[in-house]
Every structure is written in C-alpha cells, then in structure tokens.
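Okay, structure first, notes after.
The first chain written gets the first letter, and so on, giving A, B, C and D; residue counts start at 1 in each chain.
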C-alpha cells in the first residue's frame, strides 16, 4: 500500500479552509450590523447621545459574546484541519453543514440580543451552538476513524484530546441551556465566559507540529 | 511540444478559486439576512415569541435549501477545479458568469421564501439553478476539450463522469420546475431533497487523486 | 547584484491578492442587495407578481452590468499581479486605493439603477470606473518601472500591451460619459457592452506564462 | 535544540491570514452600506439630485477615512505576519480580539458619520482605533518575545522599528482624541491625514525580505 498516496491523495483541503475562513469572516463581521447607530432629533443630540450609546451595551455584549464563540469554533475547526490532510465527498458535506450552523449564528445572536430575558431565545442560541459543536465532533470523528483522512503517524492521544475538547463544548452548552431554567442572566454570563476557558493553552497544544 | 509547459503555463487558477470561495461564502452567509428577528411589543413577548419563531420555519427551510444547493454548486466547482490546472481569458469569464449566477441565489431564495406557493417564484428560483448548472457544464466542457486546460494524463472517464453529473443537475432542476405545474409543494420539497442525492459518494470519487 | 533576491525578496503579494479577492467577492455579492423582492398584499400576489418581477429588469440589468465591470477589473488586476512578484509599501497603498474604488461600485450602481435617466448618475458611475482604471494603470506603471517589482526577464511587450489595455479602458469610460450628453440610454447600453470587448482573447494572452 | 522545528513547527499562520483578509475585506466593503442613495420624488429628481449628492460629502469623507484607517491596520498586521512564522493558541486569540476591533470599525464610522460634531462620537471612534493598535502591539510583542514565533535570525532592529511604529499609532490616536476637546473639526481632519503618514516608505521597509 502506498502510504504517501493515501495521505496526499484525494481532494486537497485548501478550498475547504478557504470557504470556511470566508464564512467565519462574514458571520463575524455581520454581527456588527445588529448594532445600529441611534437616530436622534438634531435638537436633542447633545443631551441624549451619550445616554443612548450606553443603552447599546447589551447589544455590544452580545456582539462580543458571539464573536468569541465564533472564535472558539474557528480555532477548533482550524485545529482539526491542521491534522486533516485530504478530503472526500462526505467530509466536504459535513463541513458545509458545519458552516450552515456557523452562518446561522448572526440570527441567533440578534434574537438573543433582542430578547435577552426570554428562555426560548437562550434555548435557540444554545441549540445553534450545540449543533455547531456536534458537527465539528462528527468531522473530527469521521476524519480520524482508522486514520481515514489524517496522517498515518498521527498520535492517538491527539485524536483523543481534541475529541474530548469538542465533546466538552457540547456538554458545556447543554449545561448553560439548562441553567436558563433557573436564571437567564446566569446563562448569558456563562455564554460569555465559556469561550475564555478555551483561550488558555491546553495539553493538546504540546502536540502542534 | 513542451507538455510540462502546456499544463503548468498560463494563468494559475489560485485566484479563480479564491474569488469563488469568497462569492460562495458571502452568498451563503447573506441568506441568513432574509430571516428577521420578529419584533414584538414588550407586553406580548412571553406569549408570542415561541409562536412567531415557529412561524419562521418556511424561511429557515428556505435557508437550508439554498445553503445545500450552493453547497452542491461549490462541491461541483471544487471538483472541476481540482482537475483544471491552468486558466485562460475565456475560462476566467465563464467562471465570472458562473459566480454571477451564484451571487443571484440569495435574491431567488428570498423570492421563493416570500411567495412559496407561487409557480412563478419556483420558476424564477429553478431557472437560476439551471443557469448555474449550465455554466458549470460550459466551464468543464471548455476546460477539458482536447485536454485544453487539464492534465494531459487525465482519464477520459473522469471527464465523462463529471460531465454526466453536472448534466444530471440541469435535468433534475428542469423536472422540478415542470412538477410545479402540478404541485408547488412537491417542487419545494424536491429542491430540498435534490442536493441530498449529491452527498452520497459516486463512482467519480474513486478517481480523486 | 543578487537577481533572485531582487525578485523574490520584499513582501510577498499573496495577501494583497487575498484581500483583493475578498473585496471583489463582497462588492460583487453586495450588488444583489439592491434588488429587492417586491412586497405585495396577499390578495393581489397572483395577479401582480409576474408584472412586478418584469419591472425589476432595469435593476437586474444594472446588476449584470456592474458584475461584468467588476469582472473586467478583477481580470485586469489578476493579470497585473500574475507578473508582479513582490510588493513594497507604495504598491500596498496603491492597491488599497484601488480597492476603495472597487468597494464604491455597489453605491454607484445603486445610484444608476435608481436614476437611470439622470446624466449626473451616469457621470458619477463613469467617474468611479475611470478612477479604478487609473489606479490600476498606476499600479502597473509603478510595478514595471525599470522592472521594479516584476521579473527581470519580463518582455517589454507584455508591459506595453497591458498598459495599453488599461489605458483603453480609461478612454472608453470617458467616451461613454461624454455620450451621455447626447443620450443616457446609449451610455447605459455601452456600459453593458464595454466589458464584452475585454472578454475576447487578446494579443496579450499569448504571453501568459 | 532543533531550530528548524522551532520555527516551522506549530500551527501555520496561513489561516490566520485568510480569516484576517476576509474580515478586513468585509469591514472595508461594509462601509459603503452607510452611504445611501438619496430617495427623491420623481418630479424633483432633476433639480435635486446634484444637490443631494454633494450633501453626501461628509459620508463619503467618512468612508475614505475609515477605508484608509483599515488600510493602515491591514498593512500593519500584514507586516507583522510577514515575520511571524508559526502560531500558538494565544496568538490565535490575540488575533481574534484584534479582528473583533476591526469588525467594529463600520459601526464607529457610521456613528461618526451621523454625528460628526459630537465629541463623544469622536471619542468612540478614536477608542476603537486605539484598541486595534494596542492589540496589534500585543500581537507583535507576544510573537517576538525571545523570538518566540518569529525566525531565530530576525534582526532586533526590525522588531524594535515595527514596535515603535505601532506604538506611535496609539499615541497619535490618543492625541487626536484629545484635540477634539478643542475642535471636533480638527480631529476629523487629523483622522483622515493620520493614515497618510503611514503611506510613505519607512526605515523598516529596508528590512523587508
């Protein structure tokens, strides 16, 4: 069996990554369209502008939250495709489904920004995030199954660590949704803090090469 | 005749693919702008939000349908450019026309999402898809004619299989348009199911290398 | 003098091209936002939709025109950067100014689509195109001056042919603006036909390698 | 210690740059959405269009200013990543925060374009720019600390010159914000002129290779 061919053959992943970077970049930038410049009658601008800008804070927090969450998604997918060396039709489609979830985030964010105290808005937003995480889990599991689309020499520990990391995101988002039954405020704060736990370096990083 | 030069010469296809990924990513992400957060008076939010979110289902289905259809287009163009090794002015322009059809999909989708029971909306949407498929057929036929822009060694079977696959999309979209004369519901369901037939691996995939 | 270093040194042009493909892709896709789905009262949809879709033709023509014109710009910049092998600060900025003109096209297009019979709208649209062409001319002239940023071996005929081609665009756009003093209809048709003259292969293409 | 591995190992920076180009391209192109085609009753178009287009000048100036400022940011980040050869989790996140600031610019621009004479709008806009510059400073400092993510042989003078250049932007933006306490007009003119000082070649450019 020709190992080199096995790894390097098939469709490359360059365009998967190009399309993904595009979708992430637009989804991130689209978020800003949800923050609108307050329209004020000329006579009242001086007295009201500062007040109305402060009133935008929930929207800005929502922007920051979703940007960070999309950041987590991008870093996760980036890490996965660092190891995935070729693609096939199934992988292309799993990734398109994944991007469908990513491109949906601006809507979920806008919903949560508009109705921050509604449990159903948190449920909708959280479900969107769960779907994204589940699809990334599917991508990674599919690609690493018997080293299908990754390098033959990839250490099993890397496969396992990344799998755990993605799975933990699914669990975390489920827990945050559950917490909304007690306090929608707590849920929203946790959606913001959640990404932070992914920023710190992890054991996985030692295997980046 | 210098074969190496014949294949590697000419303009590269890197930027065609970069521009295409950008247009696809943007068209896909733009689709979400058609789903608007329902605006509800504060006193009625709790009682109405769930109801109005359910009422968004046709729009969400329309989003999923178009995302999958753009996915089919992207996978198809990706596959074609996996084999196309250089470009010339005609190819650049065929691809620009192709992208003009792709960037039109958010409008057709919005039209169909707004008037899902109108035969003319289905006709408009379907014609958009036919045009895209015909242009991809033109790209592939032009590029592979006497191995003009593909590798000299590319097996004729690959050329033929991809040609058939693209042609079948043209036929399928025509049939779905025709079915709308009997049932617009059936047409819309078929537009959603159509992409699924492209997800399963095909004989073509065996030749990816 | 170290020729290899002279050519390969300096900042690469990969990211210039990445940024440019992004701006072109978004500007092209943004054009579709100017075509709005007609909003019709439920009782009158069947009788009016077809009529109102036909009434969108000027907007659609405007979309096609601007897409083709941005296509000409993209092909032109693509051709130039096929030969430009490294960059410097001046080139980066000339290209940013060029992209500023490109990103302005959706506005000019919308203006012309809204007021197709106003000479001032044609003047505005045409001036936008002249600016883009002049900036591409500046990019090419700057980069090829004493082979500053192109390969040492690049034939002078290639430099001259591309320069003439870009200059001819400037002249053509000026002439079309001038014609608007006699007939705004004629100007709009010529803006649509103009790009077609760039689609046919040219003497320049023989030098692609 | 394996020097080659130290430099080439780790996550590549290709996708950081791809995502960044996408966000910059989209943020730049979004700016145009803030300039709206004036809507005029049919009978008054001829008499009013020219007048209303001239009235768009503040918006157009705002577009040019922000495009140039994003250009400065892009050139700066481009220069930094010309030398940064690998990435780690911290760098990925610093860059995501940086992009969060970049994607915020269309909002700040729109705010300043709507209320050009309000000190608070200038303060908001200026703070956005300061944040971007500070984050780029953090990226560069983190990446070059003990040559962490740059080539072992990178001259210290390059590290120092780029650091000074970014720091000077922070200072300049602070000064412009301060000037708004005396004259908001002066601040706006300086925001436009500021980028120009970055266009001219600098001592740093001699080290591009």
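Here is the rule we use: contacts are C-beta pairs under 8 Å (C-beta built on N, C-alpha and C of every residue); 3 or more make two chains touch, one makes a residue touch a chain.
What you see is a predicted model, and the numbers here were worked out from it, not measured in a lab.
**Student:** Using only Cα atoms, superpose chain A on chain D and state the rotation angle in degrees, rounded to the nearest 5.
**Tutor:** 90
**Student:** Do chain A and chain B, two copies of one chain sequence, contact each other through the same residue numbers, with over half in common, or through different ones?
**Tutor:** Counting which numbers both chains contribute, under half are shared, so the two copies meet through different residues.
**Student:** How many angstrom between the C-alpha centroids of chain B and chain A?
**Tutor:** That pair's centroid distance is 25 Å.
**Student:** Can you give the whole-Å distance between the Cα centres of chain A and chain C?
**Tutor:** Whole-Å distance between the two chain centres: 35.
**Student:** Give the residues of chain C touching no fewer than two other chains, as numbers and ranges.
**Tutor:** 18, 21-22, 25-26
**Student:** Taking the complex as given, what residues does chain C use to touch chain D?
**Tutor:** Touch residues, chain C against chain D: 5, 9-12, 15, 18-19, 21-23, 25-27, 30, 88-90, 92-93, 96, 99-100, 103-104, 106-107, 110-111, 114-115, 118, 120-121, 124.
**Student:** What does chain C use to touch chain B in their complex?
**Tutor:** 17-18, 21-22, 24-26, 28-29, 31-33, 35, 37, 39, 45-46, 49-50, 53, 63-64, 67-68, 71, 74-75, 78-79, 81-82, 199-202, 205, 208-209
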